[in-house]
Amino acid sequence: MEKVLYNEKILPLYYKLGMSWEGLPAIEPGQFVMLRITEQVDPLLRRPFGVYKILGLGAGGQGSEGSEQGIEILYKVVGKGTKLMANLKPGYTVDVLGPLGNGFQPISKVGSVRQNQRIIMAAGGIGIVPFYLLAKNYHLSSISLKLLFGGRGKDDLPGLEDFKKFGIDTAVSTDDGSMGKNGLVTDLLKKELSKKGDCVVYACGPKAMLKAVAKMAEDADTPCYVSLDNAMACGIGACLGCAVKIRGQGSGVRSQKSKAFSPYKMVCKDGPVFDAKEIAWEEI
Amino acid sequence: MEKVLYNEKILPLYYKLGMSWEGLPAIEPGQFVMLRITEQVDPLLRRPFGVYKILGLGAGGQGSEGSEQGIEILYKVVGKGTKLMANLKPGYTVDVLGPLGNGFQPISKVGSVRQNQRIIMAAGGIGIVPFYLLAKNYHLSSISLKLLFGGRGKDDLPGLEDFKKFGIDTAVSTDDGSMGKNGLVTDLLKKELSKKGDCVVYACGPKAMLKAVAKMAEDADTPCYVSLDNAMACGIGACLGCAVKIRGQGSGVRSQKSKAFSPYKMVCKDGPVFDAKEIAWEEI
Amino acid sequence: MGRDIKKKSEVRSQESGEKTPRTGKPDLSVNIAGIQLKNPVMAASGTFGYGEEYAPYLDLNRLGAVVVKGLSLKPRQGNPPPRIVETAAGMLNSIGLQNMGVEIFIEKKLPFLKKFDTKVIVNFFGDSIDEYCAVAKVLDGADGIAGLEMNISCPNKQEGWLEFGTNPDLTFRVVSAVRKSTKLPLIVKLSPNVTDITVLAKAAQDAGADVLSLINTLSGMAVDVNTQRPKLGNIIGGLSGPAIKPVALKMVWQVFKTVKLPLIGIGGIMTAEDAIEFMLVGASVVQVGTVNFIDPQASIKIVDGIEDYFKKNKIKNVKEMVGSLRI
Amino acid sequence: MGRDIKKKSEVRSQESGEKTPRTGKPDLSVNIAGIQLKNPVMAASGTFGYGEEYAPYLDLNRLGAVVVKGLSLKPRQGNPPPRIVETAAGMLNSIGLQNMGVEIFIEKKLPFLKKFDTKVIVNFFGDSIDEYCAVAKVLDGADGIAGLEMNISCPNKQEGWLEFGTNPDLTFRVVSAVRKSTKLPLIVKLSPNVTDITVLAKAAQDAGADVLSLINTLSGMAVDVNTQRPKLGNIIGGLSGPAIKPVALKMVWQVFKTVKLPLIGIGGIMTAEDAIEFMLVGASVVQVGTVNFIDPQASIKIVDGIEDYFKKNKIKNVKEMVGSLRI
């Protein structure tokens, strides 16, 4: 059971939840935790949330602010679980399972990227979450970072100020034009991909956006990794509930361990981050 | 939706919950309300609670302290609903249905009581609840009041100090002897019933205690009213869930409206206070 | 009538009755088997008393119909307490069909209900085919009743205590007999405690039912580990509330695909969204039960919520919704 | 053996095995059909993967047994997503029995499980009697398997897709055939989606089952009112979790009164109290399913809680508890 340190509304539907975590393990950008917020049986299942920030010194010196070790979750209120979360107060306890899943491939492992290394982070709304830790990993390196951040309106760009503080080069789009460019994050991506130099695209957001991003990256012959968010029960690969259809033989980056080919991978265990080429987008 | 004014732990398992209530209706001692504490479906049903105090000026000038109109609930944490209640904080809202049921008969309507009128209130643990308003109704009258208050131990005598403040003549018993007489509230009652003069017994507490009290009162030919606490779903006589078996023909104080005799009455609507002679104690 | 009705799904509810819908306001009315309802929301039997109990808490005129507590020929005393126990997102009840009998109902309770602009549906049962028919005949003669709902989840005293509603042959026989005993629209309420509810639905349809309502409670039990006793006086009770909604939805969907009769969906409905789920899988009308205990105004909130949903989704009337699940 | 055993209830579990119980420490061991379990708590099939997934989160050695995800002869790909959806106090799953096939299981997964001091029960299924028998034969030859659990909630491809577990004749035939294909203790897992589960229980008993486990999931459905689509890719799924506990308890109680075999109670168990409810109505052993997702340590907490309950209530062993409901 972890202790709630703060739970702060940052935008009408978005909150930042800080939790202490003794003996905090190392966490990769893109990994997530499963939270249980109530002892009641409604809501019944844990809810998955990406790790937005590391608090305190963190394992591997990842941490940034505050002194107590812990993590910060950035979440959007969408249903009954997140509504309950919004009522959490400092001192309440939360049950955290994690960190879980595989995060984004470090750029060093993305084979085809050789020169003028550039990372494009494409985030849609709450899809911003994995990019804070990712940006933190690279912003002092030689790799150039670009954040493309799209939302419905200016109230759907949670955490934008955190990236500004970092000094990350950021382009913003909104569906309603209330901030940044009027349009979709894919409009921004198109421009970005047309620039010279090898790059890799990391994307997180609604499925329709990821599908479009994957297509654009494939057309541009650019490596692309996407973080999916299927509904989950166990979060650890046991229930086979979070299945995502993958393309036929010989596609995946991660090896297929069993002899029998299964057309499904588990978002919680094999993902949530996948090589975009692995996913059978036509069935999503 | 009523606003929580305070929610104060008074003993390890007992709390006082103050709620505002605009346009507070008149409330008889012994009446109850049904509370809904969560929007989740666990716990699902409302929970019944007696009204302990009236706050503010109250309807009919019943109120006592504070300025905001409302009620105070005195409750014991026994299960999941009351555990959730213990987390309520000022400003939270609670959904209140009531006041419901029939309270204690005013002594003026208790036919056989003529001279040296005396009310004996026999309370077991949380069964103290209806007696605060009852005592308030009589403590400035010519009727003499006696509270017999039993609990498992000294931590099971919630609200005792409120009655002391009132100057109500009180005798206390505990099963473990940690306060008052070592024994049961029925031991106190025996002594009290042996005194001279007409009296009426009002009792509230666990079923076993009420059964014993009813027997003693019947043997002493003393009018006795008991407040029952069967599990309830609707609280308004619609579900027929809170049935209590009553004795055969011609017993009840309240008339039987339908031609067909039903051996059951509804605690929520016909009670929760019953003439002890009405109840088929042998089946309880 | 000039209204543009999309033939989106099979049409179960008959022509809607409101002749001149206010512009922009969706038409919530629905007609099932000649019962013209102002909206598709009924209070379920056993959870709303005889209407009277709830009258102080909501405007009965706003309901499509009130289905009263199940009636038998003679008064019944019901089961020994405890009769109710809460379970996870549900409750068990073993009321045991306590009621005042059909005649006292007509004399004492019906007059009150008749004063309201809502339909009165009378739920009834028997422990033999004869009793079912006798009750139906008495009700047939009464004024102010819009329709009958037969509860067939009752054991047949004459034939080995087998439940009428779990055996297609018994279902067929009891429904056929009742059908001959009344001219009122006949709703048959199906039990979910069966291997294949479509078989029972077909039996009821073949026997002349006008409408099917489903589901009644699931059979269940709860134990007190402190006393080592059953929590219900009757040991076994009926499970209702949100816990059973998935089971109910699936059964309505199956029955919708099997029979032609209009359906009334019941089981765990708490909100307008829940009601709409039932309509999407094929219910022309819904009944709300357990939620009445939790929020006496729930049924009206559901009516309003359905209207909002219709507006938001530009749905003109109930018919357009019913069974329009996209698969 | 000199232990003073009260003959309080019918004895279902065979003689407890722990020879010298520590004084004051209740004996949680139980032997069903020759499978000696250190305690009466198993992880339910499909909710615990192949044990491996949960090994980082709890000490597998503390469990009575692990029942692995259902296996078929050949690998199965399972149903299209979405495969899970939460419902009120429950969840629907339509995994569709995705699995790697029995041979890969034996090669890749069984060796890991064998390392632990817990029993391995293999859940399996088929879509024909032949497939059931073929899987059982393969498992019969493997080392390190304590028993088999047959999931009969599967449609029979050869005979009109009727579920094996909903028809007593099919149940009898498939269980009889499997009985001949293996020498391992045979647990038959019953489906709750039937009119009278005791009929199926008897069929399984007559066909040679050693133990019955119940219940599997209830059939259910959920609809997304925003998209007007079913929430599951497969439309229909299986309901599990606390919502179904009352139904499961009642079925275990009914079956306990009907057959002589030891029973494994399953359905909505979250806590030790829930497990004890099942034991009181007749389960010698319980399986915990959905709760593993919510609290990976739940099964161990349940073991500890049962021990505490035994101590508090001066219960010496499992046998004393089983079916000891006071009515």
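Going in written order, the chains are labelled A, B, C and D, and every chain counts its residues from 1.
The working rule: a residue touches a chain if its C-beta (ideal position, glycine included) is under 8 Å from a C-beta of that chain, and two chains touch if they have at least 3 such contacts.
All of these numbers come straight from a predicted model, not from anything done at the bench.
Common neighbours of chain A and chain B under the contact rule above are C, D. Chain B and chain D have CA centres that are 47 Å apart.
Distance between chain centres (mean CA atoms), chain B to chain C: 37 Å. Residue numbers of chain C whose C-beta contacts span two or more other chains: 88-90, 241-242.
The set of chain A residues that touch two or more partner chains comprises 41-43. Viewed as a network of touching protein chains, the structure reduces to a complete graph with every chain in contact with every other. Across the interface of their complex, chain C is touched by residues 36, 41-46, 95, 97, 230-245, 257-260, 262-264, 269, 283 of chain B. Those residues of chain C lying in contact with chain B across their complex are 46-49, 53-54, 57, 69, 74-75, 77-78, 80-86, 88-91, 93, 95, 98, 100-101, 104, 108, 241-242, 270, 290, 292-296.
Contacts from chain D toward chain B in the complex involve residues 88-89.
Listed in rising order, the residues of chain A touching chain B in the complex are 38, 40-43, 80, 84.
Chain contact summary for the complex, chain D toward chain C: residues 87-90, 92, 166, 193-196, 218-223, 225, 227-230, 235-237, 239, 241-247, 249-250, 253, 268, 273, 276-277, 280-281, 309, 324-327.
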